[in-house]
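Next come two complexes built around subunit A: one with subunit B, the other with subunit C.
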Partner chain A sequence: MRGRVLLIRLGQMVLVVLAVVTIAFFVLRLATGDPARLVNPPGTPEEIITQTRERIGTDKPVAIQYVDYLWNAAQGDLGTSFRGAQSVANAVFGALPNTLSLAGITIVISATLAVALGALAAWRPGSILDRGVLVWVALAQATPAFWLAVLLVLIFSLNLRWFPAIDMAGWRSFVLPVTTLVVTLSPILIRTSRQSFIETLREDYIKAARARGLPSWRVFAVHGVKAASLPLVTLIGLQLGFLLAGAVVVEAIFNWPGIGKLILDSLASRDFPMIQGGILVAAVVFVVLNFVVDMLYAVLDPRVGAARA
Partner chain B sequence: MSDALATVEQTALRSGPIAAGAGRRILRSPFLLVGLVGVTVIAAAAAFAPLIAPDDPTAQNLANILAPPIWVEGGTTDHLLGTDVLGRDVASRILYGARNSLFVAFSAMLLGSSLGLITGLLAGFFGGRVDSILMRLGDVQLAFPFILLAIAILGVVAARPAWLLIVVLGIPGWIVYARVVRSRVLAEKEKDYVAAAAAMGAGPWRRLFRYVFPSVWQVVPVIALLDVGFLIIMESTLSFLGLGLPPPAATWGGILADGRRNMVVSQWLPILPGLAIVVTVLSINLVGDGLAAVFDSRHIHRGLRRPFSSSVPSASPVDTDSEALLSVRGLHVEFPLPGATVKAVRGVDFDLAAGETLGVVGESGSGKSVTASAVIGLLDPPGRITNGAVLFGGEDLARFSDRRMTTLRGRQIAMIFQNPAVSLNPVLTIGFQLREAIRHVTGADRHTVRHTARQVLVAVGIEDPDRISRQYPFQLSGGMNQRVMIAMVLAARPRLLLADEPTTALDTTTQAQILNRLVELTEAEQISLVLITHDIALVSEYADRMLVLYAGEVCEFGPVRQVISQPRHPYTRALLESVPRVEDPAERLQVIPGELPDPRRDRVGCPFADRCPHVMDICREVTPPRYDIAPGHIAACYLWASEPAEAVAT
Partner chain C sequence: MRDLLNLGALHRRIVLPAVLCLVVVACQGDTAGTTTTAGAETPDTTAAPATTEPDTTETTAPPATEAEDGDGEVRFLMAENFWADWVPYSSTALSQKRLERQIYDYLVDFPSGDLSQPEPSLATSWEQIDDTTWEFTIRDDVVFHDGQPMTAADVKASVELASGFSGESAYALTWAPAEVEIVDDYTVRIITEEPFAPMLAELWWTPIVSAQWLEGDEGDLATTPNGTGPFRLVEDSVNVKTMEPNPDYWQEPATIDTLVWEFIQDPQTRLDALLSGDAHAIDRVPPEHLEILEAEGGIELVGVTGIESVNLFVAPGRLPIWDENPDFRRAVNLSFDRGPLVENLVMGASAPAGSFLPTNTLFYQEQEPPFAADPEGAMAALEAAGVPDGGPPFEIWVAEGFLPRAVPVVEAMVAQMQGIGLNPTVVTSDVAGLIDDAFSETGTGAMYHLSWATAGDPNQAASVYSSAFAWYFGDEELDAMIAEGRTTLDPAEREQVYADLQAHMWEQAWHVPLYNSDFTLAHVSELEGILVQPHVFRTDFYPASLSD
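So, the complex of A and B:
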């Protein structure tokens, strides 16, 4: 990728993050009124509220607060929690790996599943196998993550006692949250993979490869799979946001110490710097991951790679 | 941005206006019917919840909390689905939950779709700055999971009225509608009738709403339907997190959250509302997918396998030229498509001797390519040989299994295609594909394969084989790619090569180079060549014999010189007259008036009758037999019935 293109792309990434942070900042402030009142119980004397205001810095005009926030954030300082003196940056970066590991494992399993099932279904469109895959996809697509998580806990934790119901401790605790997220993420990937395989198999180069006498399995596995899986890379990029949203729910249910749970807990306690920090980091991670996905696509697809080289 | 929506965007882009016979297809699709029934029942339940619900969904009865449903021990008919932790009737709460969920989801969909429809229409129709601003906005929207922001907003506001929920859920959906509508508008506004309206003085707004809108709005309902399914899940998720409609309103997510807190005591409590969500969303998705499939004009199943099976009728006894390498006898190929069967090849016969070149000519749709694909057993699905024989070295290939054909392809019979740029896999290097083909055919070791690859590339006139090997097909010119294809054939040394318009996609100077190279090689290696083309000049230059096809039938077959100098079929003459002559480029080209007959219809008589200047009554009544004009030269035309050459019906 040429320097100029890279620079434009980086600029876009910064803009997106800035837009998200700005919207979050102002919407949160405007929608809720004075944070100093919110963090104190109703009926708190005015002097205490004024003190709180000075402590958390909301006595200044909102515009100044906004500029201060951006200035500090640019230097890596995301402020301090309204509750107690915990550094937001520490809390957020402590939670981030837990969410990323959950999402990472989910993506790897879902993508593998999608290529395998999509290929199986596309091998004979309209066959029993294909229909089976499509029914599974339809069912999985209609199943809300939070319900599935509760069902899994009910069956595998409460009744069978195979896996822990909450908390992150050892590999066993990954099984139920990851299963939930895979069932949420994989349907669209399987569908796309199936469609992509069907379309790829109609390509002339597939017919040409067969005309060279290559056996069907080889045409499928060598000439089909690489071309057919490319759209999945882009799609995974587009689904990251959805995965992040799914992670919020899953983290809430499994008491998983990730970003989603951090934001939810901060919402309950109206801890604005924490909410803000969580959203900021989520936006950065999201934008960076999308960038990585695009780079990966350029590496995998020689046509794109050459166009940018 | 969302699971369902991304799929929908793909499907909706493909679906055309409602195709003919859509109604019948709806009735024939069981999934769609099940979905329709489900949606109707649930919508009715939601609409009439106050009438059907046995109890007030908010009426508490602390004396009867967590009562089990009727099928569990201790359940009573008073509370069919039991009661919750406040003693409220679960059945009633689920019914009212349907009402609330559907109301919020449907309203949010209306908001998102209206926004998207309007922006999509404007962006697509006016283009320019409006378009780029709206689409950049869309990019930002897609670049971040707005649901996180929604959660944050709903989590901190003091009250959550239904309208706020609708706004927060609905607005992010606009981009999906906008993109689909925009691309539809872009396609539609270029069409003739819109341009005609503009020429007649219709202003932009009138053109937009009177002409473009009616053919564009149809994509919206299918997206909207699947959007509602997605929004129901989102609404329930928010309610589950305690960010939906505030209590005591009954919501599916809320009931489930209550249930989860008490699931150790009553396990059915979280299960029931989840089932309601799954059934609802599944029904909606079934209807949405079903409708998208009904609207999808490309509703044809295709697969990898040669769908040809044992159902070939037994071949009639065939007399074959014993010297022929390839004898095609009475070949019929059909493509059973939904609604009609295309009969692409209708009784084609020809012979090809070892080392000989056969030119096959005819306009598009004459069955040239289909015949070649049938010979190598690679008809595009659902094409199948319905009758006839393809005798290769004395064996009938039409009766071969795909596995057996695979052993012949490449080694004995090879094929090169019209467009070299798409005959090579775009994501694999030239070298990889060439070596793969060579290794497969020769079974040689890595080193030998590498050596052979270099050799054949040089043989087809590539000066820098190592560099070319490392490149991808898109980095090479069409001529270079076709050389690579020929190199693959050369490495395999087959007995028969089918070349389907091998130079049509190339520029004129390259054409001659490639063809010369091809013919040199086939002559040197004694490879029989079937050269398919619509260019008679090529045939006269390179072929020994010539087959003229029209609408899947043989018009004329014979030695090239004889056919060209004395064409006997009016169609062959017309083809020859349509060739521009170098000597007299100013001479007006003869264009054959009329069109090919409908390939779906059965026909009687000569297929060329409607366009033939010499047509007689009998031509429309009885299919003309093939008359022997001279040894090895036949023409299927009644004009030769009275000639000295004796009429022989085949």
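So, the complex of A and C:
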């Protein structure tokens, strides 16, 4: 039974990836902008443009290009960049670990912060501590990532010279981009965590545990944290999409060689293979991580696993 | 704290979209003259103005020898995307041309930027034998990066392909088909069907590639340039090109150990990288960063007026009254003031357009009277055009992240145009969308804010208005003059042709001339000897050095 569920889930994942790739493929073709025109002077005669299209393969009907793309992608060939004939697979798989490391550290710090601050705030709702956390959440939520990133560079790179302004080189280079992303990501996690703790602490079984004489900290840490983390896990799964391909601004400002920046740089030149490759890999990673999150959810809440089975 | 606040104020503007200079160029130059021996005599050209990562692929270039006592790595942050691959002569993307100059050599050079002063490079001497034949003697001590010696066969293969004689070439737009005869291993004759005045200037931007390489695998051609230049490509990714010195260079090897050209879209990121010491040089410094850099110690700014015309290019057939009515064209040209746009928005070393040929172009002549804001004259011209109400509505397209401050420039122009009754609207797009609209049958725009960069020869600058390009309005007189300028060898006669051509273009005003671009590069003071010229924004890192 469990095997069948897994198989269905796997099929769903393949369908999601296929849908994402298909939408990306056709949206790119429908959008304005002919890559063949971008490597030639504006106004270049049509015969030269046609030659360029033949060279990069955009002269074929879109349906043929689509079938070719899927066929090649299924065999692991993501094509070559229009911009320099580099292998898309090399570029995308080179960028993936950089994005994953940035996203991973951000998630871990954000989740830890969310649980800690959410718990502190929920411990005494309405207290000064709670209000302080809520003010912090409101401030962080209202802070644009691009503004914060530049401010951090200005203070910590250009003025104090503590951390590098750009690039990914050593642990110090993680500090500013991760800080920016944590500040962007954590408010919603903290708010969710706080609410979840408050609701959990009102549950009958928590009251029962307290009535049995269990120390408050134990009730909170053992029963409360576990129950309150469930919505957090779901939310983190959803935020992964933002971090995988959506943290473009942060990657651009810090010249972080990740997937978001790769896609952004490729958009301007309508480098279709590179954009598609980036989106495909981001989609695969996203559905796989979401699957892992779902599994984690089932572990944290056995009722979910039982219901699915 | 005060410093911090000051810097904060200066960093308020964040422009994420890139400054992408797609303006593409085919290169060019002047020449003429009769007999010329490089280094001894110069062509008798006259009136030449004195001008001022992770996705890395290792290339198959032979391993570099570690330079002893080298200068270390130099990192140059480009504002332009790397649009093209390395297939020789397959594109005229500006960024590619600039990059190629580090890797390839050329038969001749104009190191002073003065197109009347050619200097030897791969060619040691040359002579114009008759109107259509040039003979070049080339160096016998040059080897390609793969170790093969350079001979006349390589020059033949390169010039014939680039000029469109033996195959498809994007360079052929400005070249004349040229057959090359091999006299001996180190002597060639370049023969054109018609006299070709810009021969030397065209060769200035035609890289000499290996004949054997050209016949090889197409994949290698696209990914592995094999030149004779001071640097060779060792790592190639979509945004980063890493080069090392060519240890077998025919001149002194470069002292920079590693030269990195990297595309970074965001000007703020480029600025931060330079100020924090993460980069040694950045280009296309936007005007809002000039003050910061000027105040910073240890940074040098090199600003030149680019040989680049920024126009409102008008698409033929989209706005019938424009095609048919010179008074309407005049009204548009008199409707706004170029000076304040340049002074307050474009800034830097930019300059208002005084001709359809860019400043610093050979035979450039300032046209009189210049187009200046003359609301009364513009309204009178509208009256004469039969459209006192301002005529039909039309769209002016402008790309964000393409030319610096493009959108505010166009918005300011449009406001002034509307002031005299014209009916333009601004459409903002990215550059790909703009180009698409300009040339697709379903395009709706009438005018496009675009630029055209050249290497300084008037043939190159004028060719964009010729029948070879889509901006042509069927002006046969203009087309004939462009052809005449290309085939007129006598410098005095050629100068007269371009004088007439510029006057004709100013009078007809098929497009709306705006300004010549600013090209400002900033680098750390320790980096010395970068050659920066306005000609196709040349930026050579040989023989630059990085002091301690």
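Just so it is clear, the second predicted complex is superposed on the first by the 295 of 309 C-alpha atoms of A that agree within 3 Å, B and C clash if a C-alpha of one lies under 4 Å from a C-alpha of the other, contacts with A are read in each partner's own complex, and residues count from 1 in each chain.
By our rule, contacts are C-beta pairs under 8 Å (C-beta built on N, C-alpha and C of every residue); 3 or more make two chains touch, one makes a residue touch a chain.
In this text, all values refer to a predicted model and were calculated from it rather than measured experimentally.
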| item | value |
| --- | --- |
| Clash or fit (per the criteria above) of subunit B with subunit C on subunit A | clash |
| Subunit B versus subunit C as contact partner of A:Val222, first or second or both or neither | first |
| Touching partner for A:Val150 - first (subunit B), second (subunit C), both, neither | both |
| Partner chain in contact with A:Asp301 - subunit B first, subunit C second, else both or neither | first |
| Touching partner for A:Gln141 - first (subunit B), second (subunit C), both, neither | first |
| Which of subunit B and subunit C A:Lys60 touches, first, second, both or neither | neither |
| First (subunit B), second (subunit C), both or neither touched by A:Pro41 | second |
| First (subunit B), second (subunit C), both or neither touched by A:Asp204 | first |
| Which superposed partner A:Arg172 touches (first subunit B, second subunit C, both, neither) | neither |
| Doubly contacted subunit A residues - partners subunit C and subunit B | 31-33, 38, 146-147, 150-151, 153-154, 158, 249, 252-253, 264, 267-268, 270 |
| Subunit A-facing residues of subunit C, complex | 3-4, 7-8, 11, 14, 16-18, 20, 22-26, 53-57, 81-87, 90-93, 168, 170, 173, 219, 222-223, 236-239, 263-266, 268-269, 272-273, 275-276, 278-279, 313, 401, 429-433, 435-440, 448, 450, 452, 464, 468-471 |
| Partner subunit C, residues of subunit A touching it in the complex | 31-35, 37-45, 48, 51-52, 55, 81, 83-87, 90-92, 94-95, 97-98, 146-147, 150-151, 153-155, 157-159, 161, 164-167, 249, 252-255, 257, 262, 264-271, 274 |
| Footprint of subunit A on subunit B - complex, ascending | 1-4, 6-7, 10, 140, 142-149, 151-153, 155-158, 229, 233, 236-237, 240-241, 253, 256, 259-260, 263-264, 267, 270-271, 273-274, 277-282, 285-286, 289, 301-305, 376, 378, 380, 402, 406-411, 414-417, 419, 422-429, 433, 436-437, 440-441, 472, 474-475, 485, 488, 492 |
| Touching residues (chain side subunit A, partner subunit B) in the complex | 15-16, 19-20, 23-24, 27-28, 31-33, 38, 122-126, 138-139, 141-148, 150-151, 153-154, 158, 184-185, 187-188, 191-192, 195, 198, 201-216, 218-220, 222-224, 226-227, 230, 235, 238-242, 244-245, 248-249, 252-253, 263-264, 267-268, 270, 272, 275, 279, 282-283, 286-287, 290, 300-303, 306 |
